[in-house]
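So the structure is just underneath, and the comments pick up after that.
Letters are used for the chains, namely A, B, C and D, taken in the order the chains are written, and counting of residues starts over at 1 for each.
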């Protein structure tokens, strides 16, 4: 079992003929993800790698193939419209890999998607993989293993590091999600925690946070009230100089400066097992999972 | 990207906000001339990307043009938080009847811009927020509608009672929001927004921070970048697509991905070392990026050992290995280097490195421990 | 009984100190409408006619007085913001008397109000009166009589003419609503029909339409399926030259040219009693109400 | 408010839409000069606020400048639907490879702007809608977001297959929507949008209708009003805030409120008469408005009787009565007048009228019947 993507996922790739889009589509196809369509305006009627039909618009792709999920690899200046287009076409899960989307654009994207009941993962994220079922995005499949650990992270390669540790020690994953590190992302920690908690295929959860914002603190509060499965966490940026990533005024609203210290304290207060090093994910998980008899 | 005060003032002025006169000068003589033209009583303000300019002695009131020259002489060349002041803004000394704060930022939690005002202006707004949060008033902005007139008016009534001033402040807020949008800002603030003895409302100091992701489509704003005001290494890194921040330690780090970079730095600290920098070579790295990264790190005299930590995903390990080999082919590294590579094309990379005489590790903890140890031994 | 406004209506008048606002507030007060607040920015703290407290913002007015309905008399260039402000302050019924609001502004106002669950009546309308209970707007109270006929109309003075006929013949009204004749209005015929049908105090309904648009045709369809109470109707503009009020392209979308003939036909097809002259409202109603035994 | 084709073209051009050359001329000589400059082959198009110009002979193709002059001579001064043509637009004759339709309007039902396109352009779009609705494609526009690029692209693919043309058409649609917004339009259309033999996409004819409620805040657009192209009585009425439309009958109507005015006209018809006009004196009438209204009605020679129908609400009956008395004080009315007044200050009004020798009725049907009868007797 898994969350967000599985064998029911019928994927349309927005920007399938671009450099990144074509590279990763091949990888997704190799992983037997059900890539049912691609979109590149003007290349409608062609086929990608002689198999995947290409359409001019997402609307056509959905009408012809029943795609229910999209992944976006278009350049940043087209990414916002790609999200609008996917939502307008009725796509219910949009994974935006593209980085460099302006934050002010995202403030307009979010209510648009919410009105249409479309979930966005990203932007500027590595995507989602449910090992053995479906890969949507760029998380390297070879480091993953099918299993029962849910992984959610704001980082890219740091996530891979953690997944790698899990896999090396035989701890497979139900789903791994990179939610992206931008100030505004479509899916946050709490969304993923809620889904993992509800997923019978997930037995424990790994949460990888960073400095900046208050997403981790809110997630910690959520864990203490709503999550019964074991949760372990990591916060990157203990040594980061304060104020280099976020403006000071953010703190005025959130009442928090988003430091690693603060986030670790929130994790601990919520009973989340905090790793000091990524490698500790294995021992901490084993300990916690024994605790609840998984 | 931070704008200088004088640049932020110009953007506000262009948006219609009343901003007092002001001229930028780079020498004491020039400051004296400007001050003379302004009638003598001026404020000389360091233009530098650092907070706490006032406390650091970078903002001085002068009663005469001569005094302005003396102040400028001290301020120009001064270091504030490691940055050298190479220009000052000269403004006429303003008579201030009241000081308020007005600012707009993007709030991560509500995923919306928020306009904030406080009648407690002219001081550090974070302190106001911490000590007297009831003196800060906010309006959440639906970005599809912008700051609505009634929102601006309602906030303005928190600052002023005089209908004329309420109208002026409401207009300024709407102009500030427009300037914020037009600049692609993540923060735009006026602190203080003052009333003068004759009752008019004027923006005395301005701060604007630009979302770097906006620069591609806003050439006019991108042109405001002042490389002279930044660390040259950070500028060089940015130009090839690296993200580099100089720190105080001695273990030079080169990592792919911001999160992994921070985790690597944390691990350096965990094992008793101190990172010399944050350096993220980004996603699809090419050998050229790696070469620049290595050059930047080796140029830093405080670096005692060099640590590569690469988790290959989109980044191919062999690209990084090639970069290291090329960069060190002609100029021998004078400091120990520890290379950890895993993931995409790992074995090809290991071969490349071995042939060139480098050792390659696959375990992150082991690599960090070695680098810390070598830095300690070299120090 | 009545719809939309009654003795529970606690009214805030936006633009209470303006020429129209003050004139009609006096009339509403004379009718014993519960005018609890007025708003004029900069006059907060004063009182209207020594009784009604004036506030700087609708937000303050609502917080201090519990107002649940607003009526807007501000000049047209301020009317849109007045609607936004009322909705933001949590007002659930906004009656906008102001005329001259640009249609493109209304396209932005409507989703704003809908998101906040605020009903708008108008703009460019005479408002609502529930005789004997509450008057919100400018419908002359002296022509009304408490009773059981619901009146809904796109016109102003034509409505008065019809109400006048009803009152002269002893047919009192539960509520009279002028929905306004602009291309985009907040409340349409169907909204009013639905409310009248559900209102136990309304026994029969009078609908007064005009040429232009397809609101009457849609309302007729609604009547035939959803309304069991007797409905009589009138369409003004039989002799109006076609195309003077609406662009021709509107017809492309609606598939209708909005002529009086078409609307009368739709009324007749739905079993709505159609008056040829306003004066016939009385006889037609009496006939229909006898028919259903009211 | 309708714009002339040449005005609409100018707005589209300002929005960046490719529009062919074109010059307005008011005399055959001028037309000849323009045509010469354009190389001879031109189209001469009557600039008049009426549909069906082509069918009425108001649009002519000329193969030479001389022929253009001959056409212009016929078209200038021509009447189309009662309006005299006083200027023509001269454009180079275009070679047309394909014709499409692109338009944006405000849709009352969805309460949103809608962009419509059809590959069946160059003809009456209502006919296309009626006969082959499947050839019309629409996109509903969320006004908070505007016409999104993907919506424009998707519509453009309904017109063209060539990627270059798709891009051009999508850009034109976004520009058209912007022009529509900026003008405060309720309709903006290009018909036809053509492709030329060399493949480029060009707007050949344009139509824009402005929402009158936008004119107060758009002085530049309001200035485009061409009173010469309208009925002078309608212009005069509008200037004092009346709404007047000339019709073909003989009962002159003066009513407060558009709905009641239409109902009054309908009742005139019901009783066997024909209304000479629609005239709404609006809400808060003042005597001056009433005087102008009466002047406009009496100036119309086809009016045989005059009917006032006033239901006093905001409009005070005594104001209207005073207006009638003042207007007729110096110049005796030469046609019978029937006055019906009821509502606010009815009795005062009746007194005023009686003193001046007028009768006043209170029943609408009775008044209309009288007016119809008197018109019939006078005719």
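The working rule: contacts are C-beta pairs under 8 Å (C-beta built on N, C-alpha and C of every residue); 3 or more make two chains touch, one makes a residue touch a chain.
If you're wondering where the values come from, they're calculated on a predicted model, not measured in any experiment.
Think of each touching pair as a link: the shortest run of links from chain A to chain C has 2 of them. In terms of their C-alpha centroids, the spacing between chain A and chain D amounts to 55 Å. Rounded to whole angstrom units, the spacing between the C-alpha centres of chain A and chain B is 28. Residues of chain C found to touch two or more other chains are 108. Chain contacts: chain D has residues 142, 144-145 touching two or more partner chains.
If the chains shown are joined wherever they touch, the resulting network has some other arrangement, not a path, ring, star or complete graph.
By the touch rule above, chain D contacts chain A in their complex via residues 142, 145, 148-151, 153-154, 157, 163, 166. Residues 144-145 of chain D are the ones that touch chain B when the two sit in their complex.
Interface residues of chain A facing chain D in the complex, by the touch rule stated above, are 41-42, 44, 56-59, 78, 81-82, 84-85, 88, 108, 112. Residue ranges on chain D touching chain C, taken from their complex, read 51, 103, 105-109, 111-114, 116, 125-126, 129, 133, 136, 138, 142-144, 181, 184, 186-187, 189, 209, 211, 213-214, 216-217, 245, 247, 255-260, 262-263, 265-270, 275, 278, 283-284, 311-315, 342-344, 364-365.
Of all residues in chain A, those touching chain B in their complex are 20, 76-77, 99-104, 106-108, 110-111, 126, 138-140, 143, 153-161, 164, 181, 183-184, 208, 210-211, 213-215, 218, 234, 236-241, 244, 247-255, 260, 276-279.
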